[in-house]
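Note that the chains take the letters A, B, C and D in the order they are written out, and that residue 1 is the start of every chain.
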Amino acid sequence: MHMTLRVAVAGATGYAGGELLRLLLGHPAVEIGALTAGSSAGRPLAESQPHLVPLADRTVLETTTENLADHDVVFLALPHGASAAVAEALDPETLVVDCGADFRLTDPAAWEKFYGSPHAGSWPYGLPELPGQRETLAGARRVAVPGCYPTSATLALLPAIHHGLTDARDTVVVAASGPSGAGKSLKPHLLGAELMGSASAYGVGGTHRHVPEMLQNFDVCGADDPTVSFTPVLVPMSRGILATCTAPLHGGVDLDAVRAAYHADYDDEPFVHLLAPGHWPQTQSVLGANAVHLQVAVDEAAGRLVAVAALDNLTKGTAGGAVQCMNLALGLPETTGLSTAGVAP
Amino acid sequence: MHMTLRVAVAGATGYAGGELLRLLLGHPAVEIGALTAGSSAGRPLAESQPHLVPLADRTVLETTTENLADHDVVFLALPHGASAAVAEALDPETLVVDCGADFRLTDPAAWEKFYGSPHAGSWPYGLPELPGQRETLAGARRVAVPGCYPTSATLALLPAIHHGLTDARDTVVVAASGPSGAGKSLKPHLLGAELMGSASAYGVGGTHRHVPEMLQNFDVCGADDPTVSFTPVLVPMSRGILATCTAPLHGGVDLDAVRAAYHADYDDEPFVHLLAPGHWPQTQSVLGANAVHLQVAVDEAAGRLVAVAALDNLTKGTAGGAVQCMNLALGLPETTGLSTAGVAP
Amino acid sequence: MHMTLRVAVAGATGYAGGELLRLLLGHPAVEIGALTAGSSAGRPLAESQPHLVPLADRTVLETTTENLADHDVVFLALPHGASAAVAEALDPETLVVDCGADFRLTDPAAWEKFYGSPHAGSWPYGLPELPGQRETLAGARRVAVPGCYPTSATLALLPAIHHGLTDARDTVVVAASGPSGAGKSLKPHLLGAELMGSASAYGVGGTHRHVPEMLQNFDVCGADDPTVSFTPVLVPMSRGILATCTAPLHGGVDLDAVRAAYHADYDDEPFVHLLAPGHWPQTQSVLGANAVHLQVAVDEAAGRLVAVAALDNLTKGTAGGAVQCMNLALGLPETTGLSTAGVAP
Amino acid sequence: MHMTLRVAVAGATGYAGGELLRLLLGHPAVEIGALTAGSSAGRPLAESQPHLVPLADRTVLETTTENLADHDVVFLALPHGASAAVAEALDPETLVVDCGADFRLTDPAAWEKFYGSPHAGSWPYGLPELPGQRETLAGARRVAVPGCYPTSATLALLPAIHHGLTDARDTVVVAASGPSGAGKSLKPHLLGAELMGSASAYGVGGTHRHVPEMLQNFDVCGADDPTVSFTPVLVPMSRGILATCTAPLHGGVDLDAVRAAYHADYDDEPFVHLLAPGHWPQTQSVLGANAVHLQVAVDEAAGRLVAVAALDNLTKGTAGGAVQCMNLALGLPETTGLSTAGVAP
């Protein structure tokens, strides 16, 4: 079978859009169609994405229904709240993969509490590694790509919850992250001079919008009444998330049992890799790769499991996960066009 | 009063030794005496500490009792295990301030479990902000400077424990840190190419040697049977620790009560600064300063207090704390020679 | 003599203003008076300068003549073009030290060509290391602080030009720099995600505004018809400039002659340090210090002198140089309040 | 045609070896054979290359003739001086691509002066963009991959020299670089704490081993008696070179003429990209890509052409260039398995 998919990217000038295009350039079944954006419309893509030389001369179009029509796949990498209007106007048979938050949460109350706007609904959730989720995604025509922090925390803890090794009450997640997840918005705290040589916390105390998404995922994994204390920490690297995730371990569970659970759930996963004992994840190992590296420890004195996950927030955390979902939805081999080898060092 | 203290530094060629000398150069009561080291003995200090221009031509001496004798103060910045032999041979009236771990722990069993060698004893613990500790340090002639991680975690949680707001059981600490705390040892994972653009965890699962020291401090603050899940995370900056510390909050304790406790304990502390509401610590604000910046949040849904502390591991985390203790021990104003303004951005 | 100077800073919320305040906090003769700014007026300083804890509660005032009156010294750290109006309204007996470019150039044509606005005049140029310049600055009441790149290139080449060792025609300067010199302006290329892990050139081909200032300084050092090819390169560090400066060497000049010239000109300079043979400058050695580190080489095959200078663009490159000039103008010891030991590593 | 090449990598545990393997994993005609090294022999590759998950369980073999025999292609990524012995023992029909310096220089005197050892000879030089070089490389069975700095400087200046626009006498090259080019050697100045937040020069004054290679290339491009003043500058990023290259411009040559020459030479080059006017190269745009980004300016006042090149020292600067040469030597399309889109931001 030779398939050629015509693919559009809305929000092509941002960081997520740029990463989507970088991956799509290497995807053997994809022909890149319309590239759209807001304020950069009419300009060559080279101005906003100088690294995408093969597309340098492509002109950015306005994000309109007309420009996005007549594609097999439309990726949305738009500011929160902008996806619904665009998606509604597209053919129901077009695969629409939304990298934004709009359709991730199933609970309208959680949405409204954290986003402060009416709930637009929910789409099939694009984390294939969740139990049963591949079936949901096969053939789907609307997919909501997870947030980067929920992807890291969920994959770090999934086997522990799923196999009933931990209590999902009182989960604590602290995730070091580069600023590219915040996009190109011109905010003072995102200036290079502020970030380089410095680490800082933000969204502390349960206020970050990814909290309800983590809880939703823990619930899907089988947790009862989960809670999570989540703190994101900005550190001086463009990309990458290193999530340290801990949860109270049930009595009598030892490291062998933990590793067995992780092997059981992940040995067949193409993009999740449990490191050999003694090795700990580092984000450079997954830079630009559709890969999550994991390691686990049992802290007997503290009574906690510690699971550490590394991923690239723009790749497996956004654009790579989106391409993975496209592959699944359209019946392509799930790994098509996706590398697991990071650009290290 | 005009006092001139003749001060020696053993381990003058390492990172802690260099920071001690940088601070001592600006201390109005100090005359810098012998600078000693191991393998660099006989070489000019400029080779190992090119930033210390005023001392560029000083020759590094061997670390011997003779070279360290006849000083009012001797700072030890030696590899773990080397301090005891040096200290024993020094005049009991000489103030000896040890930046290493050898004399920090009071519990021989804890020492032996984490360090794997016989316990050398314990000295007055150089964290003046601990309840009652200034009295202990005044007039002391032997001081054990705390580890950088315990300083950050202890100061982050001290008022909460001290005022009985949290349960010290099930404390979780995740601390992002630069690699200078590991010293100049030539290990592959400390190479710049490995660290830049990357975050990685190490010492996970309760194995880091600073765990028993944190617990000892929590105990001094009034905690019953504390536990701590501690994970250090290396991030790409030379210096700095950002510690995210969470503990289960007792029922009914709100943010006002928390802030009141922190204000009560810290408003008179010269080196600990609770930020105004809405601001979160960043390590660049305390770079090179003897300062800790703190902020707190109450996560009601998770039932946890989150306290975030920023400090410079080499300054307040080591050398600045050491100078602070020297000031206290010798009756100088505690802030002499110590700045609280970081080198930002 | 005990002198207390009341000092105001206009532009207190920017990077140069913050560094001025950090240094002034440690200056024994200074009392910090009015802190003024534009859009941040009315807000506590802590919002813009969280590292300056001792001034956290000071309210930023508007930059008006009234607010700046009644001070002994006024530092201006304003956007280019804003200094003239403020300075004119201040008492001629007040020392005004301008960190901006407005009064640096003596040649109106050069000013107009590079800045595109009418020339406001020139003030005594605040680089005390230039031949004869200390005499000019002693007692001055208006001082124009040099640009950071011209300071680095001038001090790198001064002895070579001054002693007639090189031809100042065909000087080439390439300077790696952190982005803090560009201030807090919200421009896309200054975002952390753009800068971290990346190096980039800008202002290439003789267009940078510091070119005429370099040529003016080379001329003062004794160069005939100098030319300079200057390229600034942004690299991933908040602060620091490493300037590689090369010029054609006159026949028969060897390294001994070069080092002799540099020693002759700099051995008595408190803030310029020629490194020992075999050592090369690194910016971390001068971080936060009022210091320039230099090294020289003779490339016989290429017929060029290579001089490399490291400085902190915000300290010796701006605020430290400004305080040095204040000391000189008011008859204080030139080194008062200024450290030469950088915050390394 | 479906071709499967069995490919070995000697020096598989270093940075160049790791990058070779990352690229070979994505090459459709390659089957990865023996992975060999020195001290890591017998260990799983995951210990030295944790980012290469698909090869995690491969055991590193010793670098012996036996282990490298029976491959179609052998890449050598060995310390300088080690290649000759290995290469000699391999079948003359095996394609051997050496990433080291041993066979780059044609002039024995230049080799001996800069490397201090007897000249091993020279192989076809693996820079296909040099005039006539593709013909030399087609069918070659021994290829010497260029050094990373010479690749950047040569491609930056090639059209200017080739079209006689500049005088190659008095070329000046200053190149900012990450430390991965220095490999994993445990040297103090390569520690993360030394490199982060700092820029430093090394190999100044015509002493760097890449100087004769640059001159050799300039000569091939048509330069008469070229000279180059070359200064490498370490900056805080793992990978990347930004080379600022200037040369005296012949009278009457304007920017249009320069751009025309660069377009003429490079418009058909798959891996060299002249940016649109107004844009300047940044290394993140070529991170992990087999790509060079270029921009040029004419500085009329200084009488110099300024050409700035960005490349990834490990990709186009080493391993990517090596794969490009393999493709050429074996008659595969030159771009097979090589992406030009960098991993930005």
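Structural remarks
Throughout what follows, contacts are C-beta pairs under 8 Å (C-beta built on N, C-alpha and C of every residue); 3 or more make two chains touch, one makes a residue touch a chain.
A quick map from chain label to UniProt name: A, B, C, D = N-acetyl-gamma-glutamyl-phosphate reductase.
Treat the numbers as computed from the prediction; the structure is a model and nothing was measured.
Using the mean of the Cα atoms as each chain's centre, the chain most removed from subunit C is A.
More C-beta pairs in contact connect the chains of C-D than those of the other pair, out of C-D and B-C. Averaged C-alpha coordinates give centres for subunit B and subunit C that are 34 Å from one another.
Centre-to-centre separation of subunit A and subunit C, using mean CA positions: 45 Å. In subunit B, the residues touching two or more other chains are 15, 180, 193-194, 196-198, 236-239, 282, 284-285, 287, 344-345. Taken together, the subunit C residues at the contact with subunit A in this complex read 15, 178-180, 182, 184, 186-188, 190-198, 236-239.
Touching subunit B in their complex are the following residues of subunit A: 170, 172, 174, 176, 193-194, 196-202, 204-207, 211, 227-229, 231, 233, 235-240, 242, 244, 246, 248, 280-285, 287, 295, 297-304, 306, 308, 310, 344-345. Within the complex, the subunit D residues that touch subunit A are 15, 18, 21-22, 25-26, 44, 46-47, 49-54, 56, 180, 196-197, 238-239, 273, 275-276, 279, 282, 284-289, 291, 293, 339-345.
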